[in-house]
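Next up, some structures in structure tokens.
Okay, so chain A shows up in both of these, paired with chain B first and chain C after.
After this line comes the complex of A and B, so read on.
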């Protein structure tokens, strides 16, 4: 894979501005990353005042960690196939809402905001608002958009802005915030901790089920070429609670966007969390997304990740079993077309006995697209009676597309059931012929088959408008990427 | 309707069909019989347009068009139907979705409006009832996990829905018990209208008790070596193919 041929973007940032250049220039730069970042932090603080020294400490620590490790390159085993240079050759600057994109930025607490459902949206992204009942948290360029958001449910839970929660209930937030950070978090995740703007704060008290799903919309809109978004979401399901979250990140305009996001998720004892993620940034969208999950005893966690469009999508999804008898299902679908790179790295840490993990990832690579799947299952010496399953299935639609799939099983316990399988192949010509022999055009036949391939992951979504939306968009993308496929399927 | 002249077909440079001639007129039922490996399925696949079947010489005209010049889907839209000997399993594509897509391609080709979901369902259920198929088949993945008999019935169901002008049945009887055979044959006979035609490939005469052919052809070594009335099928059933072999080697 060569890197994209997109023209280098002239650095629009004045020399004094806190811009961070790519690693290629690292050596020649006089001011350290740290200085630059501190300047950016100062800028950030005007937006999000620090209520507790703890939060500042976390930023500082993360910054120091970032400073030590710098951006990864292809020599780094975990980043072998990810063209990080696509992200770092442009200057990096934290988005600053000089002219706030969110018109309704007020100081009232998020929890009290109850805009009526009929609020009409003039923004270009309003078409993405779902037509089913959901609690909705909208972030435009990382800033909480209170007007576009809506909270339907009331009860023993908080659903709102993290930045605001840090001010209003700092001690509660500090119990969880950044608690899953590890030295091996990537430079991008570290940067997120250091520079994060806002994000969702979802905190469900013990025994409570949030009635409606919670939709998090992360929208990039009209970014400057050097601006980067750092959404940071924190999701806590306390003992015996349950919540379903739909996280949708997208881009409203054609401009390039870069998003380095982090979701921390705590699934406490006997709690249940579903986290569905849709990455649909359109062209020229880069998304480096990190999800860390901790599961306590008897908990259930389901993640479904749909990588529909983006120049560079890199997902790190990490689940750590911290209590016995917990179970997770990590499913995903990805599509790499054009010169897109879609890279899904999973890490499941079976740190305790009697847990079960399941992974099903399916992907399609076409044109010169490159899809990467790396599923690491780590079973520690005491984690007996672990069940771990992994399946990765790929379809290659062109000779120049590539798939790099790698199961990585590191098993240090002896009473363990582990299975994994990876396939890469083409569409079965016999199947295409069968459909053609009934009068279906070749391209339509292929579309039907690809949609069927992808649908396995989407059909697991609960029957509602979100599933409808995801399936529609999924099928639309498949039609788009098939050469010469403008045929409709019915 | 169908006119095959001097057709020679090879697979991987191996000659399978050699100088095959066959004419089918509207309303006729032709049976092709012959020992295993004689080229019956090769003929069916060549007519349907499967990849890898290289036509070395000869011509095939279908409704006064050059059949061999058309893509497989075009042939189907023109009214050719092949009931597969081994229908492919296609996970994730439901019978209903698939058939609706196929039917509407066909209708579009004929300048008709597409069927809406309700009309489709009414039609489909009617045909399924006639074939004693459970309507739940519609929501199942195409052929996936179907028994041998269910697959064959599903082929006939598709044929009934698509109303082809020429249907080629490749060993549709194999794997069917006598009841299923009767049902399937009933489906074929119900479709006969004097305008359409059938090419029934079979190994056994049994099916021809129900679908009575106008002509029986014996395919041997890539050629039609004998053609006769329906009684020829009975003779083959009694005498086997050895006498054909002997007769053939005597001429060849």
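After this line comes the complex of A and C, so read on.
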């Protein structure tokens, strides 16, 4: 496995719109950001020494890429519907514990010294989560919380902190780290590479199945207004291995938080990875989440994403087929209420023949919410016998809500079967009437129908306590956002 | 054997049947574009002052604009100074009958397959023939005039019906709408003008044939169709260009205005020279077509069959402003060899209870790239709007590409929007079924493709449908096996 990313054959993402080059205002703003970032980088280096020059190089390269790119604006085709200004109008500062650890030699990333932060089981978040058997990795404000974490399983796999792994097994991490980076990664993902904090390191040896799912908790707690989190997770499933990862980002209180996160995932030959993501950061949480996946021959990848609450949620999920006969299943549910913007961008890169991809994304927009979906299926020349399906269904519940959806097919091979369908509409009045005629209150009927709409995605989850938890939370959110349903009891 | 087989035989030798040059004296403006060019064109057309002012305004706007680059087509930069912006047949005859037409021109008609006399009698089609930039001949005008229908070259309309032109020109596609619309507004030399008065149902199908003849010239025609309350018109447009090595530019603007309960049906068969099998030469077809359903219950229907042009880049659109107005878009886009097409439509729903329907069929063969790009926008005001879109792509070779870029923007919760798209190649089972019944691969493919396009062809007037089918077959030639 080469440590440098191979350059893409062709750029599957359209070039920046020409208008972006003449960014005079950006130019004025950029230096200040740059200075901030550089300063923070210097600070960071004094805190955690790098074990390999490679890691520093990746940070430098990414920062340079970010500088070239700048933050996208609405003239950028991929960011047309995303109000990036919500993120960039406030100053940006990497979160750092109030008192940086003095001993630079300390290998593990310093535990936060911020006094107000509680790192024990009694944290507010812990009471929300069901008690179910899982390996748990907890990151509070991007820092690994060893006490709150628990590892049940022992075997030929590593589950732990990425920052620690970079120190303890730098060569292994370097094989994978940032290997999926591409020039067309967004400014936020580049910034994450440049400034990333800690994150999960999950490395499963060939032929090994991790018995219990691994729950990654990204928690934002008591952040300052200008503080941004940069969690970075790395999942590697080597040949013939299997693992299920639950990635849950949530927030203790309804305060503002910003998180620019990246998950790199490698699904090696004949391996199987499940990545379930729940985004429930509260009504003021901004989350730019980038997931890049590479699949080798005969591998299988399943992702289920639930965007439940957030001021601005933007997900870039990219899957690249690097070996034949691989398949991926990407499902998602999103809910945009209040003035939330939920934006899901998917890119399935069929680079080789005989692969199969499936997408099912369903969304609800209400109040002044804006839900965006862009699912791109990219079939490269020679990727014959590709099967790619995509379905996107949206419900609009209020007059002010908006749905912008762009299912997209770019196909350069002929022996393929690709299809997509997209719909937008409201609840079928006849279905509501049917239930009413049977004595069910209108609100209840609507709630039931919406829950059924969402359940199609939730029932994709295996039947366990986590599914119970997600469904419950999902239904709760639906009840909350349904107009006139506040008084209703469940 | 079969009828289609004979047809194939007949066309196997020919790459582009319409690639002949008509040798008529032409008056060509020197190459280059400046305010003087605009003034020259305006003077040539004996235009009033307001028209010149309008053109100059557009030209100045154009100078400020940047050439768009976002589209999914690739071509070398166009040198706008290396184009001649005006070419007119010199002996413009004052015509009373066909006999007075330059016999060379008549032969051109025949090769184009427009038997004028025959059409006059049998088909009842009134033809406005725009060769290069000026309109040469309009048949049936007298008959149309009797019922109040105006069908004439737009240059004539500017002189004779200035009120109408001033009232509507640029209202649907403003001069500064986009780069090519601005260019067209500055230098358009001719085109068609149609006005259907209140309550009139146009008895014949109006037809225009566009043809680029002169080398190194661009064609910038401008069409304006106005349908008053309760009127109906069906308008056909056909396009061809001779075979040339260099690229020719065609940047037209078409504006349609439908008032209360009016209906406009606009059909295009576009067969500009697509370039040879190596991608050399061919027409750049960069066109802005837009219609506005301004009135209550008005309807605009676009049907297009695009088989020609090296690059086709256009989005015939409907602005559905009137309540209960209807927009339709039916398209077959066929690309072969090195052709590129980025075409689709925009349906902008503004009025209540507006409905739109999009059916797009793309066929890619050879090394061509075929994109569908469409926007369905439901504004907040568009209560109970409904859209149904269907885009299918068919791939006939492993080197070609088919792309779909649908944009759905819905801001009203009572709207219902449905979009479906599929991409596949011709099923081997289908081919086998045909083979088994004695059809060879080529005939089978033509049969299947024709079936695939039937839904669109049936929207076309009969003569056009037959021609479209023939064109498709010619375009498909050599793409199988």
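Rule of thumb we're sticking to: the second predicted complex is superposed on the first by the 423 of 490 C-alpha atoms of A that agree within 3 Å, B and C clash if a C-alpha of one lies under 4 Å from a C-alpha of the other, contacts with A are read in each partner's own complex, and residues count from 1 in each chain.
Note that in this section a residue touches a chain if its C-beta (ideal position, glycine included) is under 8 Å from a C-beta of that chain, and two chains touch if they have at least 3 such contacts.
In this text the structure is predicted, and so the values were computed from the model without any measurement.
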Touching partner for A:394 - first (chain B), second (chain C), both, neither: second
Touching partner for A:426 - first (chain B), second (chain C), both, neither: second
Which of chain B and chain C A:453 touches, first, second, both or neither: first
Which of chain B and chain C A:444 touches, first, second, both or neither: first
First, second, both or neither for A:132, with chain B first and chain C second: neither
Residue contacts on chain A - larger count, chain B or chain C: C
First (chain B), second (chain C), both or neither touched by A:407: second
Partner chain(s) touched by A:435 [first = chain B, second = chain C, both, neither]: first
Shared chain A surface residues [contacts with chain B and with chain C]: none
In the complex, chain A residues that touch chain C: 14, 17-18, 77, 381-382, 384, 394, 396-426
Interface residues, chain A side, partner chain B - complex: 428-431, 433-442, 444-445, 448-449, 451-453, 455-456, 489-490
Residues of chain C touching chain A in the complex: 66, 69-70, 72, 380, 393, 395-425
Chain B - residues contacting chain A, complex: 48-51, 71-73, 75-77, 81-82, 84, 87-88, 90-93, 97-102, 104-106, 109, 114, 141, 158, 162
